[in-house]
Amino acid sequence: MRSKRSLLLKVITYAIILMWIIFTIGPLYWLLSSTFKPSSEAIGYPPTLFPKNPTLQNFKNLFTASRFNFYSYGHSFIIGCGAMFISLLVAMFAGYGLSRVHFKGKQIVMTTILLFQMVPILATLIPLYQTFSRYGLYNTHLGLMLIYATQTAPMNTWLLKGYFDTIPYSIEEAAQIDGLSRLATLYRIALPIAAPGLSASTIFAFFKAWNEYMVALTMTSTVRPYTVELYRFIGEQGDVDWSLLGTAALIAVLPVFILFSFFQKYFIIGMSGGAIKS
Amino acid sequence: MNLKKVILLIAVAALLGTSIFAAGAKEDVSKPKEVTLTIYARAYTFAQDAPWVYAKAELQRRHPDINFTFIEEGFGWADMRTKFLTSAAGGSPPDVMMTDIIWLGEFVDSGLLVDVTDRVAKWDEWDDVVDAYKDATYWNGRVYGTWLNTDVRVLVWNKDLFRAAGLDPEKPPKDWNELHRMAMQATNAPHYYGFGFPGTLEDESVMKFYANLYSNGGQILTDDNKKAAFNSPEGVEAMSALIDLIKAGATPTSIVSGKASDIDNGVFQGKFAMASMTKAYGLARDLIPGITPEEYKNRFGLAPIPHAPGGVPATMSGGYLLTVPTGSKHQDLAWELITIAAGAENQFKYTAARGYVPTFKSLMARGADYVEVDPFFSVILDALPSAFFRPSIPEWTEISAEVQNVMQALILGRMDVKEALDLAAKNVDKILSE
Amino acid sequence: MNLNKNQKETIRGYLFVAPVLLLLFLFSLYPLFKTIYFSFFDIRLASMNRKVFAGWKNYRLLFTRVNPSFFSQILPATVYYVVGSVAGQIGFGFLLAILVQQKFVKGREAIRAIIILPWVVSGIIIAISWRFMYEPRLGVLNYLLASMGVGNPPTWLNDERLVMGCLVVANIWHGMAFSFIIQTSGLHSISDEVMEAALVDGANGFQRLTLIIIPLVRQFLVLNLILTSMATINSFDLIFAMTNGGPMFKTEVISVQMYHRAFGFGRLGEGSAIATIILLMNLILTIFYMRMNKNQSEGGDG
């Protein structure tokens, strides 16, 4: 009786997981398959599940004939890394301070920081644009880095605070008795222990910046990240050439998937240790 | 003392932060020999030699003492407007702006464009501009730019689909009744449909309605531009001519999210047998690489837009001016670039290659040269006398949006034509009375 | 300077949080105040220098406009999108987190890696690939329906009754991963002994879920609710690139409407007023969740 029920449980579990995996992969597969179809096949009726005449023509067209600017991936990468660095730096200090230093108004500061998470970025766009134009941050990597770092800093502060909270006081006290200053304790003792949490924040901050579109469209002219370039490309191509569009999209996604597959393990571990235990 | 270190670190960080801000503050005054010109234009204009590649080279040739850097920003129609307004709001507009003629009143009234009345007077090609087009560059008695091109909408049909439906590939429909019948006959859903028109919220969608409206003797606004006039009985018939195609199944309801470019491309890709559009030849060449004029002529046809039964031929015109935004730091050089880009020589190359319409008298006389490039150019030129312009008043964008809104409801069959147009008219009157 | 130990700690604490606060004040709070200020002016994107005080006019315009109407179009669209997305993301995230966590599941790491993938895909790319799936003529969905013999397949994004559902599905596809991660963390925090004890007690699956697991991971669920709700209300890219609010404003959620008024029509004052309303919605929702959480935990302790 019991084993029958647990077998049924197993079957259902696997079935649901499998269905979700198909659901997850489906759109990605559709994108992938279209990149290998000649454009006559991609827009022909009826659609084909597998490319009938697989071709690399789309890649060739994208690289040679189209006006797609591949530097945009470079801009995205620089901006992503910068935003990640700034966000992590400020979140690390704040997270440590909120976790380890007892001071008046701490609770208010913590809540305030979290509340910033709900500011819609669109609502701040025009004033930011004015400020940026005035101080020469318009169309710079730094400008976008600062905005994106602002977007992820609250969440990362909380994440890292949660992580620092799990470090037993005794370890740190021992370190301080050894004569290490507060900053040195943070650097030498707390950070290594909080490394998984740190890696989660890193990924979080990087991908937020990597994927953003609206701010980038408004704040850049020549250093446009790939999302803006891709959107411009849609505008230029319309629904003309799904396969070419799909190819450009795939090129944007693939390196990120590979990178992320390496780091996703730390991401889950990181989120699980840190995620806000208030 | 560790507290000191913390203070020190923060101080350094703050210093660094402010110095970054300070460093960003203007550095333009340094060398007059380095000039950066930013151009906002439709993305497709950068993809070919005319106008920009030629114009940039010529400007550089004329000023060997200046080292030019050109920043080219290409956009879709709606994004170009948004980006320009945003850039003006932030105080860093481009040096050259490709302004849709319908935005002219709005931009000028907002103080965004430089008055070039004195400059055009000194430009030797200005007298060559066709008078009607010259008039359109004026707003409140002053000139604010010159035409890159104008355009005119014509019917384009796919001869292969006509043949497949048993229709004579050389005989396009003349009026709405013929259009309806032939569109029905050419439909083979879901493979392809007889007639396509765009339904997204953009001006191009309602242009199809406006053309029908003028053909049927109606008009968009009253003569003084103070009230809506499109909800007249003529207007109801004009809109019904489009909506009936949907009801009959000759046009799919999915066009409700179809942009004009999707529909136009669809004719060349065999998704629609017919649609009315501009720059047909340019699209055909984009979509079918290496197509020859001969092939183009065999596979597609151009004709005037079908008119109302018993009505007059009518079509809509639009087009772009090249303008200098007020915030530009190099207004003289920007204007010089414009006069090269939009001069007759460049305009010939640009308009002929894309199937647009020139604005110079000297080019109008070169019909034979155009036909050499585009076999159907005479159809385009012949349609010019029946072309209408939309009023380029400041409220235009909002007015047209009201008509676009109800048009979507009509496409999806959620409203009655009369009721929909009355609702739009009510909203338009409200906007105009403010 | 003679400071006692407490005062020194306080200064030290503020020094630690100073950088993040500086960043937030400069790039979030200051522009936000400016936006709220703008919302009381008749101000246009094209002519920012000519602003006229307008009182509550911009707010009145939002609530009285006929097409799109706030109460019969924008608000329902927003609620549908937010509730659908949040429920779907957290519901499926929680369910899958539990299932994948089961001891007998093999290849857990690989499954997780796949499930999380959509999270790193940009909204623009999601829009491209899902529009491609929903395309009535070329899309794979109608192809599958046709091969199953469905004669009159739906037009998905072009059908105003289905379009919002289509967007919600695409958004769940994208955002579920984030909830999955948070819920997985939550389940990690429950010790195996507790789980097993529940099993031995003969608690069946459902009871185990409601009586033991949910109370233990409640903190994670609330956090998830807050973050996901805010992100969904503020989100814009996906709808913008997929439907741009259409057809017939069926997907004109409030953030898209804000964009259209402020940037499309250049009515910055109106756009700012809508932004302020979005902020208020976020605030109310957060307070509501926190209250709910507080009441729950007090009740649970009693």
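Letters are used for the chains, namely A, B and C, taken in the order the chains are written, and counting of residues starts over at 1 for each.
To be clear about the criterion, a contact is a pair of C-beta atoms (placed from the backbone, for glycine too) under 8 Å apart; a residue touches a chain by one contact, two chains touch by 3 or more.
Remember, it's a predicted structure, so these values are computed and weren't measured experimentally.
Colleague: Examine which chains touch each other and state the graph shape they make (line, ring, star, complete, other).
Modeller: The chain contacts form a complete graph, every chain touching every other.
Colleague: Looking at A-B and A-C, which pair shares more C-beta contacts?
Modeller: Pair with the higher count of C-beta contacts: A-C.
Colleague: How many angstrom lie between the CA centroids of subunit A and subunit B, rounded to a whole number?
Modeller: About 37 Å, centre to centre.
Colleague: Any idea how many Å lie between the Cα centroids of subunit A and subunit C?
Modeller: Chain centroid spacing, subunit A to subunit C, equals 15 Å.
Colleague: Identify all positions of subunit B at which a residue touches two or more other chains, and write them in rising order.
Modeller: Within subunit B, residues 3, 6, 86, 89, 190, 271 contact more than one other chain.
Colleague: Note the residues in subunit C that touch 2 or more other chains, in rising order.
Modeller: Where subunit C meets two or more other chains at a single residue, that happens at 11-12, 15-16, 19, 45, 48, 137, 268.
Colleague: Can you list the subunit A residues in contact with two or more other chains?
Modeller: Expected reply: 43, 45, 126, 130, 182, 239.
Colleague: List the residues on subunit C that touch subunit B in their complex, please.
Modeller: Residues of subunit C touching subunit B: 8, 11-12, 15-16, 18-19, 22, 44-48, 66-68, 136-137, 155, 157-160, 243-249, 263-266, 268.
Colleague: In their shared complex, at which residues does subunit A touch subunit C?
Modeller: Contact set of subunit A toward subunit C: 9-10, 13-14, 16-17, 20-21, 23-28, 30-31, 34, 42-47, 49, 86, 89-91, 93-94, 96-98, 101-104, 106, 109, 112-113, 115-128, 130-131, 146-147, 149-150, 153-155, 157, 182, 207, 210-214, 227, 230-231, 234, 239, 242, 245-246, 249, 252-253, 256-257, 260-261, 264-265, 267-268, 271-273, 275-278.
Colleague: How about subunit A: which of its residues touch subunit B in the complex?
Modeller: Residue list for subunit A touching subunit B: 43, 45, 67, 126, 129-130, 132-138, 140, 142, 181-184, 217-218, 221-222, 232, 235-236, 238-240.
Colleague: In the complex of these two chains, what residues of subunit B are touching subunit C?
Modeller: Against subunit C, subunit B makes touches at 3, 6-7, 10, 13-14, 17, 78, 82, 85-86, 88-89, 106-107, 110-112, 190, 199-201, 252-257, 271, 397-398, 401-402, 405-406, 408-409, 411-412, 414, 423, 427.
Colleague: In the complex formed with subunit A, which residues of subunit B make contact?
Modeller: Going through subunit B, the ones touching subunit A are 2-3, 5-6, 9, 20-21, 23-27, 38, 43-44, 46-47, 71, 73-76, 79, 83, 86, 89-92, 190-191, 259, 261-262, 265, 269, 271, 286-287.
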